[in-house]
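Presented sequentially are two complexes of chain A, the first with chain B as partner and the second with chain C.
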Partner chain A sequence: MNQEMNLRLKKDLKKSSKNDRYLSWFMIIPALAVVAVLIVVPMIYSFSLSLTNMNLLKPASTQFIGFRNYIRLFQDEIFWRAFWNTILFMTLAVNVEFILGLFIAQLMFKVTRGQGVIRTAIMAPMMFAPVLVGFQFKWFFNDQVGLVNNLLYSLTGDYQIIPWLIHYPMNLLAILIAEIWMSTPFMVIIFLAGLVSLPTEPFEAASVDGASGWQQFRYITLPLISPFIYIAMVIRSLDLGRAYDLVRIMTGGGPANRSEMIWTYTHRLAITNNRFGMGTAMSFITVAVSFAFVIYLFRQLSKSLQEVY
Partner chain B sequence: MLDRQGINIRPVSKRQRKIKQEFYNLLVYFLVLIFFLPVLWIIMTAMRPEVEVNARPPVYIPSRLSIETFAQLLGASHTEKSIPFYSYLKNSLLTSIFSTFLALVTGTFAGYSFARFRFKGGNQLFIGMMLVRSIPGISVSLPLFVIFARTGLLDRISGLILVYTAMTIPFTTWLMQGFFKDIPSTLDEAAQIDGCSRWQAFLRIDLPLALPGLAASGIFAFLTSWNEFQIASVITRTPLSKTFPVGLYDFTQEFTIDWRGMCAMSVIMLIPAIFFVLLTQKQLIKGLTFGAIK
Partner chain C sequence: MKRLLFVGMVLLLVLSTSTVFGFELGRFDGTTIKACFIGGGDYEKIYEKFIPEFEELTGAKVEIVYKGNGFDIDKKMKIDFAAGTVDYDVCWDHTSFFSQYLDFLEPLEGYFTQEELSDFSQKVLQYCQKDGHLWQIPRHGDVSTLHYRTDLLNDPENKKAFQEKYGKELKVPETWDEFKEIALFLSKPPEIYGTQFAGKEEALSGRFWDILMSHGGKIIDENYKPTFNSPEGIKVATMLRDLYQAGAMPPGMVNFLWDDVAGTFANGNIAMYTEWYGWYSYFQNPEASKVAGKFDISRQPKGDAGIHGGWAGAHCFSVTKSSKNKEAAVAFIKFITSYEPQLFEAQIGYIPVRNSVFETLIQEAEKSTDPLIKKRFEIMQIQINEDFTPPPIVAEWIPISNVLYPKLQAIMLGDVEVEEGLNQAAKEVELIMEEAGYYD
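Presenting the complex of A and B:
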């Protein structure tokens, strides 16, 4: 009797695990299929295009040229300028946003009145489309009628036309400010949620033991909110390419490619200059940089998490 | 002065401490205002008289507010040059709603599968999917431009819907699997012992419990599509499929930009975002940080 039941249970289990397997694939395949058909397959196709000299104006004369596009890009001065601009820009952006986000969250956490209002207010930039941010800041930094120059005029009484978006590296700085304005609030909100969720006992205990504010932050707050840091950085790292919208609108990569970034250079080669083969080759370098950045970010993150603990 | 235990060494009156705190509050309010001011500025620009927009010396506070720019945009006074606002509205709404729906359905399924079942290569698949999400839009847009041109999907909102669905699936999957992981699988098993199939257990037990996650990923997917520019700027050409972010370019001419009109359209573009973010603020934050709170 007992044995028989055992056997039946086993059979049931086997059947259900087989059913589970079907169900697991049934549930996962639609998502995979959509991603594969619309992103992975086009990217493979794109790679094959990057080995040709395809030109949008004369697609009939497309020829296979091997890796010549890539080689030419690596010898291209503008490419390297775009490359280093991007690295500099992303490093600054991510670091400043992280530190500023943590700082503002900490400040807001200690506000005793109107928490709800300021929390809502600081979410405002999260509602903006990056294009919108780009247009707004292009206007703010306009040399003739921009808000920034106007404010400087109102403050100093001395009218100076500062060409923010024209001179390098001022134009990069202007784009960086737009980027920081756009992305910091998201960090603030996540970190604030982390701070709110913290228990109060460790802080009380640390106070009794005479820990300074900085020590409390370093050895209690930081380790305890590290899961929130992780979430914020995951989401942030997936959106690196969003900066394209800002650059495209604020300077278009110009003047004379001085504020060029890898994303805008991709667009310039493929669409503006019609050199589609070269553009797709550039787009793969863009992808490689994105992947490298994501991986680097995660490495650093897990390392610093270990240090904190 | 206060020592570390909060005991007064040198007596500080309660009032003094209160004033200090109020001062601190004000300082933080001011800091937050910096992040909020551009919103006010856009609204003010959309409603102020045209002469004030580019005035010098600058006019900070509008002398009067009117809604004529909005009326122009919405077609109260139709002119030859007016912007096809309703086409943009329709395209933006349709692409965002449909792609959000599709991404939610497929992403929830996949998220559940990743959270509950173990299968070979599952982890690699998951990481692969996240990496796909980090491919910049401009890179994806190039091959899609060629493929869509050949299949007749170029400049069609159906093409946009497909791309946006594919773009938002990885993030939806990531959020949802975090949610499902936090729902104890014993609930599932109990339901199955009571005679539910796995599928029924998913529909009746897990899905309702994961509703906050569904809300958060839905909003994120919607806003991603609503605000997307990189891909749309390459594969949309005419009012047939152009969405708001691409449509903003209509306000720019060779050397001048109609800032007032652009600000009016921006305000309208912001409405769904404000609506979603304000109404669902708590769920959104909870949804994003769900996995972190133990």
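Presenting the complex of A and C:
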């Protein structure tokens, strides 16, 4: 009898879990449909475009050419220069912004009066459009009448024309400085939010045990705010992977492609050169690189979450 | 008598509502002409003043559906044409860009009489045509001219030193060889550089082409094969490299665009260079410019082929092939490119493309206390009628330029030898033309 009841119960459970599964799938259909329409379908369509020779001026003569665009790009010296410049730019910018952001956030955390005013002042660079920042820094680094060369002249008395935006890696450094100036406040705000949310007990206990300030920072603060760090780094990596405005304004990717980045090159290929198929192929490679960065950072994030909680 | 006068006045009124400056515009009551125009700053003044007049004269309504700078419009139109989403009858066009849009434009030769076109610079009109059709009507033009510092070229010490060094008089260069010689001579960096050019994008490849053309060279030949790596091309690229490497050009020049070169000249750092007319009031403003009253202009130097360089372009209007109001759109173009609007634009600084407007401007300039004003209009008219030459009229000009200018920069910076750099660019251009179907 019991055995029969057990079997029935199991059967009912199986049936109801099957029903639940159907129901759950049914319930997420709208969300899936939205994702499909907004993300999956355009991605598939644009991937299919990357396998064609589509020219913006001759859309009617578009032909399927397989992976020829990808093969050409991998053989293209400028593409590889743009690729490595982008990787270098992302890596340096994210890390410098992280260090500076953490340092400034720590200082601001210690401020007891006027934190609101300082916070607003720190946020100011974020309020400028990247295009304006680009023009501003292009002017700073102008070799003839720029602020930097004139400042160096005032300090040293030696009038040297340093062409900041011409020679590699100085031009990349100039763009990097503009980017760091503009985006470090983002890191500061995120880290400050992290610092404010930390419990005070571990620090009190560490002080009682005689831990130094550095030890408290290294072994308590840093691990506890690591989720904030990784989130900020993911967002910034995605932003930097799309670096375009600043580069376009400050150097245009040049001269002689010396400061070329993936998006400046993509724009040139897809829009100004009308080679939409080739440009789309390049965009897909960029997306793949950004995915790699994000996956790596999310893995680090989940590791740190496991350690902290 | 009173009745006759009344009838006469009514007749005059009716005529005046359909005819302007001798052109029959027609009535288009109830028609809305949609337009995609260049916008910003002084470009829009003509719309504000003349669109209401046109609407009153013809009964049509003009609705501007998009305004942007030339490059934004170029992008928009290419995407609209490709996607079939064109919703405008009249569009901005340009002598450098129009050949990209031919499949989507209405040929205009059937809508204009010879008489209607006779006042325009025939040289400009020549560059509004391709494959035997007239695709656009010019609104105003621009042409590059030589700007030079009179205080440096007329300086007795400079003259004496030049005479001693070269055995000839220091004067405004008439050939590119003289230009190079004088630029090298006048350079005293970092205070004075002999010359400069805008050093990137189409600004550089266009200048290369400008000088190449005056030497008798071409970017592409009749079979659409790249020919800029010819001896003429090598000579031009060598000149650019030599001037840059010798310090006769600012080191940052390869990152300069139009506003940068104008700023450097106004700052007093440049002895001479080729520039557009549009900066004149800025250069002559003593509050903004250190060269106010210290410069003059002349036609660009000649090349080995005896041709004056004259890189030029003209803003134009076209009618879209998909327009359902072609007659009304053409009427609008006739009106907006007629004498009065061109004179109005010329008076706010643009270069007209009608000879009758030049004549009025030169007459008015005779009253000016600034002698350069009259000289400027006279040289301008000669250049618009004789030197006006836009870059190659092929849809692939901008892609070609995008291949060419980084190589020219690499040559100037010494990253690659002159011939090798041009050969590499030629190979890439050949690939572009092949992909575009020119060799099928």
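By our rule, the second predicted complex is superposed on the first by the 237 of 309 C-alpha atoms of A that agree within 3 Å, B and C clash if a C-alpha of one lies under 4 Å from a C-alpha of the other, contacts with A are read in each partner's own complex, and residues count from 1 in each chain.
In this section, contacts are C-beta pairs under 8 Å (C-beta built on N, C-alpha and C of every residue); 3 or more make two chains touch, one makes a residue touch a chain.
These figures come from a predicted structure and were not determined experimentally.
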{"item": "First, second, both or neither for A:145, with chain B first and chain C second", "value": "both"}
{"item": "Which of chain B and chain C A:86 touches, first, second, both or neither", "value": "neither"}
{"item": "Touched partner set for A:53, first chain B, second chain C, both or neither", "value": "second"}
{"item": "First, second, both or neither for A:69, with chain B first and chain C second", "value": "neither"}
{"item": "A:121 touches, of chain B and chain C: first, second, both or neither?", "value": "first"}
{"item": "Partner chain(s) touched by A:271 [first = chain B, second = chain C, both, neither]", "value": "both"}
{"item": "Contacts of A:183 with chain B and chain C, given as first, second, both or neither", "value": "neither"}
{"item": "Between chain B and chain C, more extensive residue contact with chain A", "value": "B"}
{"item": "Partner chain in contact with A:61 - chain B first, chain C second, else both or neither", "value": "second"}
{"item": "Intersection of the chain A residues that touch chain B with those that touch chain C", "value": "144-145, 271"}
{"item": "Residue numbers on chain A that touch chain C, as the complex places them", "value": "53, 55-59, 61, 78, 142-145, 159, 161, 163-166, 251-252, 254-257, 268, 271-275"}
{"item": "Touch list for chain C against partner chain A, complex", "value": "75, 78-79, 81-83, 100, 103, 189-190, 199-201, 250-252, 254-255, 260, 263-264, 267, 269, 395, 398-399, 402, 405-407, 409-410, 413, 415, 432, 435-437"}
{"item": "List of chain A residues in touch with chain B within their complex", "value": "16, 19-21, 23-25, 27-28, 30-32, 34-35, 37-40, 42-43, 45-46, 49, 104, 107-108, 110-114, 118-132, 135-136, 139-140, 144-145, 147, 150-151, 153-154, 181, 184-185, 189-190, 193-194, 197, 207-208, 210-212, 227-228, 230-231, 234-235, 237-238, 240-241, 244-245, 263, 266-267, 270-271, 276, 279-280, 283-284, 286-287, 290-291, 294"}
{"item": "Touching residues (chain side chain B, partner chain A) in the complex", "value": "4-6, 21-22, 24-25, 28-29, 31-33, 35-36, 38-39, 41-42, 53-54, 56-58, 102, 105-107, 109-110, 112-114, 116-117, 119, 125, 129-140, 142-144, 146-147, 162-163, 165-167, 169-171, 173-174, 192, 197-199, 223, 226-227, 229-230, 234, 244-245, 248, 257, 259, 262, 266, 269-270, 273-274, 277-278, 281, 285-286, 288-289, 291-293"}
